[in-house]
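First the structure, then my questions, so here it is.
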Amino acid sequence: MRKLVALIWLSLALALGEEIINGAGATFPYPLYSKWAYLYHKETGVRINYQSIGSGGGVRQIRNRTVDFGASDAPLRPEEAKKYNLAQFPTVIGGVVISYNLPVEDLKLSTKAVCGIFLGKIKYWDDPEIAKHNPGIKLPHTRITVIRRSDGSGTTWIFTNYLSKACPEWKEKVGYGKAVRWPTGIGAKGNEGVASYIKRVRGSIGYVEFAYALENRLRTALVENREGNFVKPSVETFQAAASGAKWDPEKDFYEVLTWQKGEKAYPIAGATFILLAKDYPKERNKKIVKFFDWAFRKGDEVALRLHYVPLPEEVKEKIREYWRENGWF
Amino acid sequence: MVLKKGKLVEAITGVVLGAFAVFVGLLLPVLILATLLKESLPALERFGILKFLTGTVWDPVSEVFGALPALTGTVLTTFVAALIALPISLGIAIFIAEIAPRKLKPIFSTAVELLGAIPSIIYGMWGLFVIAPLMAQHVEPFLQETLGKVPLLGRLFEGAPTGIDLLTSSFVLSIMIIPFMSAVVKDAFSMTPPLLKEAGYGLGATKWEVIKDVVIPYSLPGIVGGVVLSVGRALGETMAVAFLTGNVHQIPKSLLDPLTTITVAIANEFTEADSDLYLSSLYYLAFILFILSFGLLTFAKFFILERVGKRWGAGTI
Amino acid sequence: MGGGNDLRRVILKRKAVNVLMLSLSVLTALYGLLWLFWILADVVLNGLKYMSFDLFLKDPAPPGVEGGGLRHAFVGHLIITSLATLIGVPVGIGTGIFFAEYGRHSRFVGFLRSVTDVLVSFPSIIVGTFVYAVMVKPVGHFMGVSGSVALALLMIPVIAVTTDEILRLVPNSLREAGYALGAHRWQVIKDITLPAAKRGILTGVILGVARISGETAPLLFTSFNNNFFTVNPLEPMASLTVTIFQYAMGPYESWHGQAWASALVLTAGTLLFFILSKIMVHGFRRWG
């Protein structure tokens, strides 16, 4: 009996000694972060517990200092970051894709069609605005069910930001944000939830981060970009969208990648960001930064495999410099 | 000396146990209510009472929050669920109390109670994986084809049959409340004096007539109390419906519309609310739910069941 | 003779109605059973399909990586519920004792007892938001132990009410015999009433555990979730129920499988507790 108690205490002490770093936020990079964390744990024994609760939650939890780091796909403006005493840097670039549940491959959606569908004006799949760009595809007369996020979400932020730039009516009626007043649709929690509902509901359409669509074998639409080309979501087209980005450390790397110029630029691309509290003990932030440095050095391949675009080397160097200035690296 | 020590222990146990009792029976609910109120103050100041209760907009971007959609959702799901569950529960109670052979009774009651002991998250998950597809592919299209064609009534069945809507939520919730409801109704039945029933039979009444004219009227207050109690419980149910409502802050116009309830809104948005006013509005919702369910439960307990003279508690958990 | 025919018709009609209504009642009973078996069958069949040793022995792998289990959630669930029981049982039993032994004739205690009765059916999610406000926010992060507190608060009324009811079943003559010997109230409680009601109280405790072991809502914002194994209750901690919520809602097939398997474990556990308490109640009644 005494031995058992001793054993329990020992394991307790061991477990308490092991480090856990708690992060929470965006669901957009969750497949990647969880994989990085898994490999990092294997290599170093340090546990990065990342919970995907949505970007809104990520910002809130780090503002309230209830987690060690937050994550968001909607970048904070430099003045906001200053106000909450947060540091911000990007980790990877990804894309939000429009997925649908119809037995039709490579559906082409014009900007007008996307606006109409998400505004609730285009109600059936055989609407002329959709059919026009998809000759040769027989579209059923099925009702369209829009699936969107119910939680505060960076994916929503990126997607509605694109809609606001692409269609004036959306900008006027709805606007953009981590959560908006949707004119139509069913709400689901997290990218996981949206992907799951799209899979479940026939005739549905929604937006998810690319990795979710791929891992769940959801069909994705070709979307019309600023130049009027229909582009397929892919690492190349995301990269094309990010080619003009400046990544200014003075602005805490604030950068929006939607509706960018470029023949091949995918219109709904975005970076995902990490938020650190500047007033946390340096030691704590050092551990977090160490993880992301590891990810920058060794994580690119994993990122590409999940169809995220790694940051260019010079941007990574800029971020390391930014860490150094804060005394974390 | 021994006597003194005894007295000391006596005093201490009395005070400690008393403190526990006061904490549980008085402080805890008051503390919860006060905390909810305090946390919802920013929203309360911003929107007031009437504006919040009647507000139909739930917009985290422009920070306008109204409780009406979630409140209606809560009331509607519970109401529809109770509507489905009531006749079934009555039937089950009649079966157990009056029809089932003696040996079967305990087995059958236990089976129904087992249904009530299944964790609500299991109901939710099963509802999502099993019932929702069934509803979307078979039940709802069928309802649209039949009842949907009837004028006026048809409006209740408009919309895309997704299986993630008011109908499915209420349906799964109804299965969940049947055990509790039938248990309280059964208890109410059992309070009918056998003598009255015998008298009924003596007059040549059939079993159904005795049930209809003696048992049900006699136990009516108990039935009503039990139903209100079940409704009070169902109001606060979260996980069984969390998968199935569709999380939309809108007042459903049809049984096939997605909606949200107070509990689902809190469960989904609580950790994610990014502004103070947003979180505060969620607390405000929790506050309303507190008043609603505490009010209903108290009403059922004090005004109906207490009069019937029976305590409802351990036996019906 | 027409009158006789009418009478016969009325009797026939009454009999027909009788048969009809009674068969309807039987049908509703079957309807109830149908769902019980349907749910259980789905949980058992799907659960068994995905059941494996890895489920209990391994920590989760990220989505897309094969294998992994839910050891962290099983252990977390056990720790959270055990701590909750540790907090909830003494307070619950104490409250029940006070209701039954001290306050039989006091109106104030009667009021407390009624409020406790109401609390048994109280929405559990509200308790979660309450604990978030008083424990998580001030401390600054999610903790397994705050989940335990939330569950304890749900469990206390259940245990208090059952303890109270059981103690009332103990015949007063036993107590009076104690007092006649000059014993103090606490001695009577300790040496006479509690031993007499031991089994019934234990039943109440088991019922309380059964009630909380399947709870999800109060854990969402208190113990939160953790992808890693931890036994430190001061860290965010995974629980079976929250993990099922997350996994069932998620889009991955492997998650659904693990959710079914853990649903089976959870359901079996809760129902076992429930059946155990039933058996004990019957034992107690027979004994009493």
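Order of writing sets the labels: A, B and C. Residues in every chain begin at 1.
To be clear about the criterion, contacts are C-beta pairs under 8 Å (C-beta built on N, C-alpha and C of every residue); 3 or more make two chains touch, one makes a residue touch a chain.
From a predicted model like this one, the values you see are computed outputs, not experimental measurements.
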Exercise. By the contact definition above, name the pair with the higher C-beta contact count: B-C or A-B.
Key: B-C
Exercise. Specify the chain most distant from chain B by Cα centroid.
Key: A
Practice problem: Calculate how many whole Å lie between the centre of chain A and the centre of chain C, each centre taken as the average of the chain's C-alpha atoms. | Solution: 39
Quiz item: Any idea how many Å lie between the Cα centroids of chain B and chain C?
Solution: 16
Quiz item: Taking each chain's centre as its mean C-alpha position, how far apart are chain A and chain B in Å?
Solution: 37
Exercise. Please set out, as single numbers or ranges, the residues of chain A touching at least two other chains.
Key: 188-189
Practice problem: Scan chain B for residues touching two or more other chains and write them down. | Solution: 128, 271
Quiz item: Tell me, which residues of chain C touch at least two other chains?
Solution: 224, 249
Quiz item: If you look only at chain C, which of its residues touch chain B in the complex?
Solution: 14-15, 17-18, 21-22, 24-29, 31-33, 35-36, 38-40, 42-43, 46, 91-92, 94-95, 97-99, 101-103, 109, 111-127, 129-130, 132-134, 153, 156-158, 160-162, 165-166, 184-187, 189, 204, 207, 210-211, 213-217, 220-221, 224, 241, 244-245, 248-249, 256, 259, 263, 266-267, 270-271, 274-275, 278
Quiz item: In their complex, what parts of chain A are in touch with chain B?
Solution: 24, 53-54, 56-57, 59-61, 143-145, 150-152, 175-182, 185-189, 197, 200-204
Quiz item: Can you list the residues on chain A that touch chain C in the complex?
Solution: 11-12, 15-16, 20, 22, 31, 34-35, 37-38, 41, 47, 49-51, 64-67, 188-190, 192-193, 195-196, 199, 212, 215-216, 306
Self-check item: List of chain B residues in touch with chain C within their complex
Solution: 6-7, 9-10, 13-14, 16-18, 20-26, 28-29, 31-32, 35-36, 38-39, 87-92, 94-96, 98-100, 108, 110-115, 117-126, 128-130, 175, 178-179, 182, 206-209, 211-212, 229, 232-233, 235-239, 242-243, 263, 266-267, 270-271, 282-283, 286, 289-290, 293-294, 297-298, 301-302, 306, 311-314, 317
Practice problem: In the complex, go through chain B and note every residue touching chain A. | Solution: 57-62, 128, 132-133, 136-137, 159-160, 162-164, 246-248, 258, 260, 268-269, 271-275, 279
